[in-house]
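One chain, chain A, links the two complexes that follow: it is found with chain B in the first and with chain C in the second.
For the complex of A and B:
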């Protein structure tokens, strides 16, 4: 059995503002899923070489050169708010 | 005569022989959409008017003998998490309801170069998270075989439109079975290629170590045509692979392993019988059938539901109301971000983001995410060892035939179990195909899944084509309320 999930803290980490109703439902749902993981987390598994690529292939990283893929205008075309060619956001501090 | 169930090569021959024009086929497909979409709701958007000129251009190319290739003039539907420049990519989410893509995904560029015409964008579970399309913010898609049942998911719209005939083929994305499971539920073919063979540039990321774009088609040959038109190295996708020489499985007198763990509890009698029926057919064709055990496949749901949500929580952090998507006001940037995400994401997406955030958080990382990565590596080893003994693996695609709306939505673990048979291929990166082979006791489609080692996609497709011709599944859905 796993620890009780601290839903408020996890929601804070995930930047999700949940209602009390959502918190109650998600806490119950997530606890059920996490309990299901118990068999896996208790398995004694050897330290295998872990790769993020399922085939273990090295990632193809691009050369460190700037390319113009989208114009400035295109990059801003979906912004909820922009001004003078920049994204506009509310202040970072109160 | 209806042409929307013909194969791509048959249509191409009619085009070349001047017995059918691309514009005529396009009209036929849109007429089909007009007759079925109100029942099925497979397309979120239809690109009808804007393609009239493109269809006329394709007509001219065939008249002049300057057609671009076998896909020229073929109407294909695109899952609405793949970008087409100038069109909305909503991912069936309120978060992106106003997003217009400024660029084409690499697969779209490749298909455009071949003269493909797009019918429109198809419905999915929000951000491809689900197995029924019940999680779409724009309403579910219905199964053409029985509208009271789900079409599967997450590529439910893409599977349903091919089944209903409002597209000749479609593209889906498959993270844990999202091409194969809906293809099975709708009685069509679904192919998930080897990880890295088809570029994912322009696909909205869900779980980057698992996501793969692939075709949903009426037959295996069409999947082969589409796969070969889309595959290839793409410098814009860091996980894109270059073709490597790989030992290919045998096409004649092959050894085929039935996965024992995918024929046990949780799999319906109908689904087991279907695999046994196909195994006998394969034996009659000179192949050898053996039972193989891959014990970690029993753990695949747990492994997947730790890795996929962990990657989803990272990938979906980009939806913060700053660069694209909807924004909900807040006094500070952080408050704006929290409000935007609270309103923009639906319940299943929130659940998976939270699950992933939890699995990656301090104190739980090693016990959950780290353990899942180790188990995944062990599972890959199990499959590698098994492929030393057999050429292909076979299993049901889905544990049962299509379920009814609401049947599993209150039992999340049961819903997650519907991907039990398809998840292993994503975890180990191998190609897998779902082929419809018969009907269940409810008269609904059932399929088998064939898998082969990584980078043997074309051999798997060739083998599957031979199986398909022996099985000869010809049933089509009768869409209730279809006025055509």
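For the complex of A and C:
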């Protein structure tokens, strides 16, 4: 069994507002997932190459050529609010 | 030191949007850099070449089997809610960079060199203070521009060393031609992690990160302020907390911004959209074989030409034309120091006064070498040399011809000068008496009289020598 998950901190980092009920349910679910993965460390796999990426395909790199994809108007067309050509969001501070 | 270097590519890191300077916000956007669902990031080949070049030139080990990670955090200027970055498999690790501090060589150890993307720009709208803003405006032109982060090991010991390191890194990215390297444009942005410990402590103290330093001057000031703040706290037995602090340029103090997130809070995980980044031997060799001259190599060439470490370092970090002109001119004059002084002192000074950043295109190394030689061989005075240089900046002239036609050639014929000296002595018996009574300064006056008599053509040192001979 893993250490208790700090579900409040996880929710805060993910910017989620959870009810107490949701917190309890997710805490249980996440613990189960982590326990499931913890089982891997108990396996004896000394000669196995560690798979660190889900894709086995080689990486394609794109040529450094600029293209115009969206016009300024298109880019802003779905913004709930815009002003002076910029997206407007509620005040946020670093 | 953590330094972000904005790369000089045509297109963004994971999409093909234009990377250009523009006053118009949100002009260079696509679904990928806007973080729209269904878009697929594809890394920019040139950016990967550039970071490999930087990692190789800082003597890093190259991770041939690397990958991209997602660094998750919520902030409006980050449209995907994560930044594509690198975590445990950066392109370069364990490198070093030679720097010059106070005229001596030093080495900065580099921990990692990794690839990531820039964020957008936010402007907080509202009256007065930033924390009473009523809305935030976002421009995503910058979002997705390739950034390389270079992180040093915590071994830098002074503000001077930190500044020299940034100067060296800046010159390196300019010479590698991978970034504009302009601090004022934000091509190079740095944060400093500072900790203070007792002299006998084996462990480093708690680190505090300083942000918002946008010039080398503010970097130096901020580090010095922070060292003194933390030292005072230690001496008062106060606990230093790990945090991020903001450098206030006007007040010249740092102030607490927020408590620092731990790496775990960013919930790094490998980006499932981007396959592993395998850098083949071929790819790396090709970059190695096309490596330009590095600032350290350039510096060594200058040192070998006869300059001190400090001089070599300073000319290596000057505009390109200066180093090139120095090399060509000193090859002709065979006098490194004098050539260095003429170029970095007189020539640069005169250009600056005129508001010019480089010499006129007609100015050749031969012309400049000729002026230097005329002065060095006492054919003209230093003042005349400066005059000819000023003329040469104005228009294409032949220095020696100019000196002759403007009667700047000094009289070095001792017989001629002797005649004039005798004449002056005859006319100034009173002055001679005063010199005999100890007013030796008046010799200068007599030298001046000889020069005047010759219409400025006499070499002052020869005149002085002959005068002294006559008097004694």
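Note that in this section the second predicted complex is superposed on the first by the 66 of 94 C-alpha atoms of A that agree within 3 Å, B and C clash if a C-alpha of one lies under 4 Å from a C-alpha of the other, contacts with A are read in each partner's own complex, and residues count from 1 in each chain.
Note that in this section contacts are C-beta pairs under 8 Å (C-beta built on N, C-alpha and C of every residue); 3 or more make two chains touch, one makes a residue touch a chain.
If you're wondering where the values come from, they're calculated on a predicted model, not measured in any experiment.
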| item | value |
| --- | --- |
| Partner chain(s) touched by A:45 [first = chain B, second = chain C, both, neither] | first |
| Which partner, chain B or chain C, touches more chain A residues | B |
| First, second, both or neither for A:36, with chain B first and chain C second | first |
| Partner chain in contact with A:86 - chain B first, chain C second, else both or neither | second |
| Contacts of A:16 with chain B and chain C, given as first, second, both or neither | first |
| Touching partner for A:62 - first (chain B), second (chain C), both, neither | both |
| Chain B versus chain C as contact partner of A:7, first or second or both or neither | first |
| First, second, both or neither for A:70, with chain B first and chain C second | both |
| Shared chain A surface residues [contacts with chain B and with chain C] | 13, 15, 52-55, 57, 59-62, 69-70, 75, 87, 89-94 |
| Parts of chain B lying in touch with chain A, wherever the complex brings them together | 98-100, 102-103, 194-196, 208-210, 233, 235, 237-241, 299, 301-303, 305-306, 313, 317, 320-327, 329-339, 341-342, 345, 347, 350-351, 353-355, 357-358, 361, 367-368, 371-378, 380-381, 412-413, 426-429, 454 |
| Chain A residues touching chain B - in the complex, by the definition given at the top | 5, 7, 10-11, 13-18, 22, 26, 29-30, 32-34, 36-37, 39-41, 43, 45-55, 57, 59-62, 69-70, 74-75, 77-81, 87, 89-94 |
| In the complex with chain A, residue positions of chain C that touch it | 9-11, 15-20, 24-31, 34, 42-48, 67, 72-76, 89, 122-126, 130-131, 133-140, 257-258, 265, 267, 270, 272, 274-278 |
| Sites on chain A touched by chain C in the complex | 13, 15, 52-70, 72, 75-76, 83-94 |
